[in-house]
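Structures incoming, each one as structure tokens.
Two complexes follow with subunit A in common, the first pairing it with subunit B and the second with subunit C.
Moving on to the complex of A and B:
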């Protein structure tokens, strides 16, 4: 008797990508990256002297001026992506069909989470490229050598890690709520309430939806280089576990 | 079927959607930082403003900048997606009801929900102002006439924005762009409010009214008179155009 072959993680990824094929996720990621990249460019085009005269590292000047809005756009993109990823499952009861497949339930979540993390890399690299371009074009002192490239990549990696807990928490929420407006509503409420909460409070600052606003330069100047990355890594693992375990507890009835 | 029974039916459809809960939570949550920071309200950083006006402006800032637009988008998603289950919208479109009337009925529900949200907002304002007053031993409550008039102004200023969001929701079938375009349009309103063409961007109308209220309460922060002339005609034009396009295209994506 032959056993039904179960689908592994690496066979699951192309399947998840296929599900997103006609939802417009890929153009949304690209457009969000470009739209966010337009903020530093617009700022520099309209009032370059407000920034070029500031003392300090060009990259951190640009990040200080623009990252708040860029981070908010990244969070909003994560919310959209999570909502749509599970909307395609819940609409027409796709999730119940998925459950009958020889797929481990947690792979569904982890596959989606991986796609989300990769799209995070894409947007953040686009935005960092825009920051690098602005620095190169408007700041005469900035030269793009290997150390500058390394600094830019380090910045991108740090901001990506800051975004991960938000993405995974939102994916958990989207996997719990079968109506898209409920998960969207919770996402919007969390984004904007945490945004008005004081970021200086350390405990509130370490929450998902708040960490994406935190900059690498802030961590360095406060001498807490490891605190934020460690907290984000822990939160990411926690939410990944929660999301992976949840489907085996719950049955998706409608 | 007349227009009022259409609205009644639309309200019936969203009865079990928990939308009111989703509207209530942010309205009250947004005031928590203001209550917790009640002491800080006296530190005006050199701006000549009374503490009670400062409390009002600071508290409403987040609400009118992003929470009201964001909940409007949420409501459009609800109104559009609710009926996609089991192709409910196709059944509605097959009935002998005029498409534009159905579209306008849904839009009416959208602005009704916003109206409810505004009433809740006033309630939340008074509760939190009372709580903060008790904490700092200073009356932070503003006269009801002023509060009602200002919030009603915000409400009227959200109608053009609601029409534009509704048009986006009708025109764009893919939910990701429906939500994405709406949410992305909120973020730059803080930049556009400081430009000369703010009146062409409906997403910043309520924010503009709040800034005027701020300017009146604290001299020199912002302008004190509303530029009625380019604003009202353009806002009316944008609203009517958005609603016209929405009515014209309503149901097209679904019939395909």
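Moving on to the complex of A and C:
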């Protein structure tokens, strides 16, 4: 027992997945993905002429019309997942048991962050598939070839990167607040407070909870292709570091 | 040989000192009963051993390792149960123990062994949140005992157990040093239980260590100082009461000097 090396990140990850059993996280990801994906479909079913008559790239038209709602759902899903993930830790003091085991304190946060990021990929790919389907079905000029697939994946990757800072900031908040309702409240307040900020303001637009609404086409048209991804990557790294360092600080100062 | 040793271990929260200059000496392969009224500092001391809180002053050694440099190495040697059972309510008893098993890199059968040891095999597939208080307590104990760690730190392990359960756990704890060469640090309010299972005892009151030694040494000490020696409970109450009165006298003297 004393000779064994400490558990690493890739061994901790399956344990973090196991901890989510019976929490409703997986159904939440699937349902949110499907619900968000149904939004552009419903929009196109109800008023197709409002979009098919518009000039430009079908994918951009669909994203412009639907992404605000989809991004809002993605943010709300992130909040719920973070709250559930840490609620399982705090509710019956599972986190204290983890702290008395030979595990590096930051692995718990990074494991949860990775699961969250993967959930983001699943949800955004589902939503992008729905956008692709709508473009293919309702826009006769749109053909799904390799360049269209690449454009769709590029869009998905961009929107995922825009969502990451929000996810990790929310995970930090959930890891700090032992009461799930506190972190849920903070998340909801941040969502609606930042939503009313003017999106055109560059500085406010770069804040977490605001970046998920930002579209790839907006970056391209404003000649800021790299600004948003760079800012989101920096914010993601910052929040990941904060979340990873915080457990040690909490333990030493308790 | 002492497996756990503390040197002037102190923990303060602002102006309140929870543990004050405590020097413990826990011999390898023994059961050490840690006694004290509520708020005496027992749990805080145990939490410091597990790295859950940092000492304000002083230091401790566990199997020759020091905190905080060897925190992870120390935790590899300790099975613990602090204050109340800690688990994931959404997971079954077996799944909870499997997480601990994987972290400790133990063989698969150790989960089954631990469940059997605490009598939870029958309920292993039930989500832990649906367990009764006694079953949760047993699950917490199984989490501490899994893999037979060389050191066990148990804070009130018999809380919430029925008399049969208390007897089972007491017998189990008593057998551990002999069976697995395990050292047990156990705190309990049930003094007769400690009397039956501990080789050595430490009595803590208001963060101060009032006594440390074997049961025989305690009896001799009590006899010398005119405390009752009939049973541990009587001796303990007399010791704590005397200490409380001394503290009260000191406070009154201080106030007198100020005025």
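List of remarks:
Here is the rule we go by: the second predicted complex is superposed on the first by the 248 of 254 C-alpha atoms of A that agree within 3 Å, B and C clash if a C-alpha of one lies under 4 Å from a C-alpha of the other, contacts with A are read in each partner's own complex, and residues count from 1 in each chain.
Just so we're on the same page, a residue touches a chain if its C-beta (ideal position, glycine included) is under 8 Å from a C-beta of that chain, and two chains touch if they have at least 3 such contacts.
Just so we're clear, the structure is a prediction, and the values are computed from it rather than from any experiment.
In the model built by aligning both structures on subunit A, subunit B fits alongside subunit C without clashing.
In the superposition on chain A, A:148 makes contact with neither subunit B nor subunit C. After overlaying the two complexes on the shared chain, residue contacts for A:241 are found with neither subunit B nor subunit C. Touch criterion met: A:103 reaches subunit C, while subunit B stays clear of it. Judged by the touch definition given at the top, the superposed model places A:91 against both subunit B and subunit C.
By the touch criterion defined above, A:83 lies against subunit B but remains apart from subunit C after alignment on the C-alpha atoms of chain A. Once the two complexes are overlaid on the shared chain, A:17 sits clear of subunit B and of subunit C alike. By the touch criterion stated above, A:121 is placed in contact with neither subunit B nor subunit C. After overlaying the two complexes on the shared chain, residue contacts for A:25 are found with subunit B alone; subunit C is out of touch. Of the two partner chains, subunit B is the only one that A:189 touches; subunit C does not reach it.
The superposed arrangement places subunit B and subunit C with a least CA-CA distance of 8 Å.
In the superposition on chain A, the residues of subunit A contacted by subunit B and by subunit C overlap at 23, 91.
On the side of subunit A, the complex with subunit C involves touching residues 1-2, 4-7, 11, 14-15, 18-19, 21-23, 88-89, 91-104, 251-254.
Partner subunit B is touched in their complex by these residues of subunit A: 23-25, 28, 31-32, 35, 42, 69, 72-73, 76-77, 79-81, 83-84, 87, 91, 179-182, 184-186, 188-189, 192-193, 195-198. Taken together, the subunit B residues at the contact with subunit A in this complex read 17-19, 22, 25-26, 29-30, 32-33, 37, 62, 66-67, 70-71, 73-74, 77-78, 81-82, 84-85, 174-177, 179-180, 183-184, 187-188, 191. Within the complex formed with subunit A, the subunit C residues making contact are 50-54, 68, 72-73, 75-78, 80, 82, 84-91, 95, 98-100, 102-106, 127-129, 143, 147-150.
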